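Chain naming follows the written order as A, B, C and D, and within any one chain the residues start at number 1.
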Amino acid sequence: MKQARPLPHYLVQRYQGWRATAFNENRSWYRRLAEGGQHPRAMVIACCDSRVHVTSIFGADTGEFFIHRNIANLVPPYLPDGQQHGTSAAVEYAVNALKVAHLVIVGHTGCGGVAGCHAMCSGHAPELEEKTSFVGRWMDILRPGYQRVSELPEADQVAELERQAVLISLENLMTFPFIRENVEAGNLSLHGVIHDIAEGTLLEYSPETDSFALVG
Amino acid sequence: MKQARPLPHYLVQRYQGWRATAFNENRSWYRRLAEGGQHPRAMVIACCDSRVHVTSIFGADTGEFFIHRNIANLVPPYLPDGQQHGTSAAVEYAVNALKVAHLVIVGHTGCGGVAGCHAMCSGHAPELEEKTSFVGRWMDILRPGYQRVSELPEADQVAELERQAVLISLENLMTFPFIRENVEAGNLSLHGVIHDIAEGTLLEYSPETDSFALVG
Amino acid sequence: MKQARPLPHYLVQRYQGWRATAFNENRSWYRRLAEGGQHPRAMVIACCDSRVHVTSIFGADTGEFFIHRNIANLVPPYLPDGQQHGTSAAVEYAVNALKVAHLVIVGHTGCGGVAGCHAMCSGHAPELEEKTSFVGRWMDILRPGYQRVSELPEADQVAELERQAVLISLENLMTFPFIRENVEAGNLSLHGVIHDIAEGTLLEYSPETDSFALVG
Amino acid sequence: MKQARPLPHYLVQRYQGWRATAFNENRSWYRRLAEGGQHPRAMVIACCDSRVHVTSIFGADTGEFFIHRNIANLVPPYLPDGQQHGTSAAVEYAVNALKVAHLVIVGHTGCGGVAGCHAMCSGHAPELEEKTSFVGRWMDILRPGYQRVSELPEADQVAELERQAVLISLENLMTFPFIRENVEAGNLSLHGVIHDIAEGTLLEYSPETDSFALVG
């Protein structure tokens, strides 16, 4: 693999700082985590977006959260067709192998993937409709959400589609037999939140009101 | 979506602590990130494993790294077949839309996904060979790596397969035309590292020696 | 400009070393910074003193901090009189053009400029009172600080004046209308720290206690 | 000063990393620098631009360079009018108090200040002509440079004006009596370079050819 290059110096410097402080103070815990394996209490599915730091927001210590991050925090429907489904694999491992107790979908405001999906579905981004567009095909998962928001005033559609990215993922999770069984048996609980980046707030979906409301 | 539950109290409490401290100290930066959008300098692909905190190790502030996390930090080969490829979508968005300068694959010791792949390929995990096993099908990406390690002493095979998970992902990245073009034009550099959880160290792949060596 | 001389050899040698290592490792990032322009998250105002390396202390990568350095890290009051005000120009550019989120004044122990100001104001450096003394006239910015420390025990006055160099600069920043507006709107936050060179520590001003205390 | 806020966490974290590594390894040198004062060998005048890391490029150890950074690395002409001239104060202190042997002006490609000056002088930025524009008034220093480039093909003017920002600063330095005396006595040498950000190169002014050429 001849194209690999050395890490830039500032990353090496920061790693050395981390090692001399956070790692060093916590060395016995890292040792134990290495020997005993991970026992995370929750799985978090969040967006790749650089502004969404779920480990900070949830004060996560090393070992607490099994974290999958993809574009727009999407979960596709259950489809055991022998193809590669990275998100489904992560969910399967978290629930069946690690037996996490919580599964949290974390959406966020200002999501580029959701905005792209809205542009595509409303006919403003034909390039995303191409078969070769990985982003476009990935955002197909959210297409049913566009149907639900397309009657709203235009100004509200993208924000509502961000909420649908959470809700449709939760709905799709319930199509996995092992998720449904564990949820129904009380072994697993599902949660859907939106992180508002500008305001630093969390909004949580509540089935009672069928809406998202501020947490805390 | 009637199964969604309120967040557990300890997560709400931590979020409130984060909001009162880290967010509050950094409020103006979050505001700007929300308004101006993200400009991350690097994409990091790491494992979902709860013990791999790349934001800590690399002292990342909000907005610095576009992070994709999947089982075993794998990148599949370029395959524009119109199917859903979440990892390829994340890579496409990072390189083509965000124009990141660095793409870092972070592997780690004690990877459950890699161990499963080794068990599967060596005939000890027939359940992973099932068409319905999402983890098994996902780990197929690493199957060519098993061929490369199967002649080694048994005790070394899994650790070497962890390194192959980084190398094969780097090799697969180079099969994406837009990656190859940007790498060759000097707009993008690729990096492969392994995080040793027990030792708190980073090892970096160097094409000169065709091996991983301690950073720093 | 006939007096210009070639760089001394040791600087050429180091530049070549930098180019072969740090630049080379980070070439794609530099390319992107050159093409996309800078998006620094913070402005730092520090002293010219050769012992104050804010980029090291804060692990800064290229592109992160917009840095103004002058004698004694001073900001003059807002004075739009059509004269040349280099510090005010730097602040204006950072806040209005670059829209930085943080503005950090970094003072330090053993500041020669502050010591000179103390000598001048206490009558021990008449040469600094001359109209032709650029250092003297520049340190006039800190004269109000001398009033505040002149009642303290003599042994404490210089160290306290170093703190005043940070505080008066912060106060002066608030006299710029565009700073005040952005601070009040939550788009900009101000910070004042002192770097203790011998101890390698940072002390941070807190308005709650109206004093500087160790960070971390 | 009630608006001051705590440093954002990621900066505290990085500072702690720096303290545990770079400071700790170098503790005796910092101690000595604190007790013995600084003895820098050179003064560097560079732009505030976040992409210009002169300490990295010149491999500077703590204590080596007295660094002044302002918009567009400008030095105004000698003007001892009793007003505040921060750049002149820094130059005076470096030459008369610290007796540096070298004074290096470091310009750079893609300078926002120079581009603004070009826009202003060519009539495209009337807001910079306002008396209240600190950036505009500061860039007045470079106005004579615009006269020299205004006959060139338009596409070359800004890059040539970046070079003039270095040359005019060197010329202005020679209007300071204490600079001229030290240069003529062989106690001080002046240097002018341009840092090309995209290419990672340095170009140096040579009076023999009256042009800038690649260093090294």
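In this text, a contact is a pair of C-beta atoms (placed from the backbone, for glycine too) under 8 Å apart; a residue touches a chain by one contact, two chains touch by 3 or more.
Computed from a predicted structure; not experimentally measured.
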{"item": "Chain pair with the higher count of C-beta pairs in contact (A-B, A-C)", "value": "A-B"}
{"item": "C-D, A-C or B-C - pair sharing over half of the B-D contact pairs", "value": "A-C"}
{"item": "Geometric centre distance via CA averages, chain B-chain A, whole Å", "value": "14"}
{"item": "Rounded Å distance, chain A centre to chain D centre (Cα mean)", "value": "45"}
{"item": "CA centroid of chain A to CA centroid of chain C, Å", "value": "41"}
{"item": "Interface hub residues of chain D, defined as touching at least two other chains", "value": "5-8, 13-14, 16-18, 22, 24"}
{"item": "Chain B partner contacts - residues on chain D that touch it in the complex", "value": "5-10, 13-14, 17"}
{"item": "Contacting residues of chain B [partner chain D, same complex]", "value": "21-22, 25-26, 29, 59-62"}
{"item": "Chain B to chain A touching residues, read off their complex", "value": "1-8, 11-12, 14-19, 22-24, 27, 30-31, 33-35, 37-38, 40, 43, 48-51, 53, 55-59, 62-71, 74, 76, 80-94, 97, 102, 104, 109-110, 112-113, 131-135, 137-141, 167, 170-171, 174, 183, 189-193, 197-198, 200-202, 204-207, 215-216"}
{"item": "Complex interface listing, chain B residues touching chain C", "value": "25-29, 31-32, 36, 39, 41, 59, 61, 63, 99, 101-102, 182, 186-189"}
{"item": "Complex contact set, residues of chain A against chain D", "value": "13-14, 16-18, 20-22, 24"}
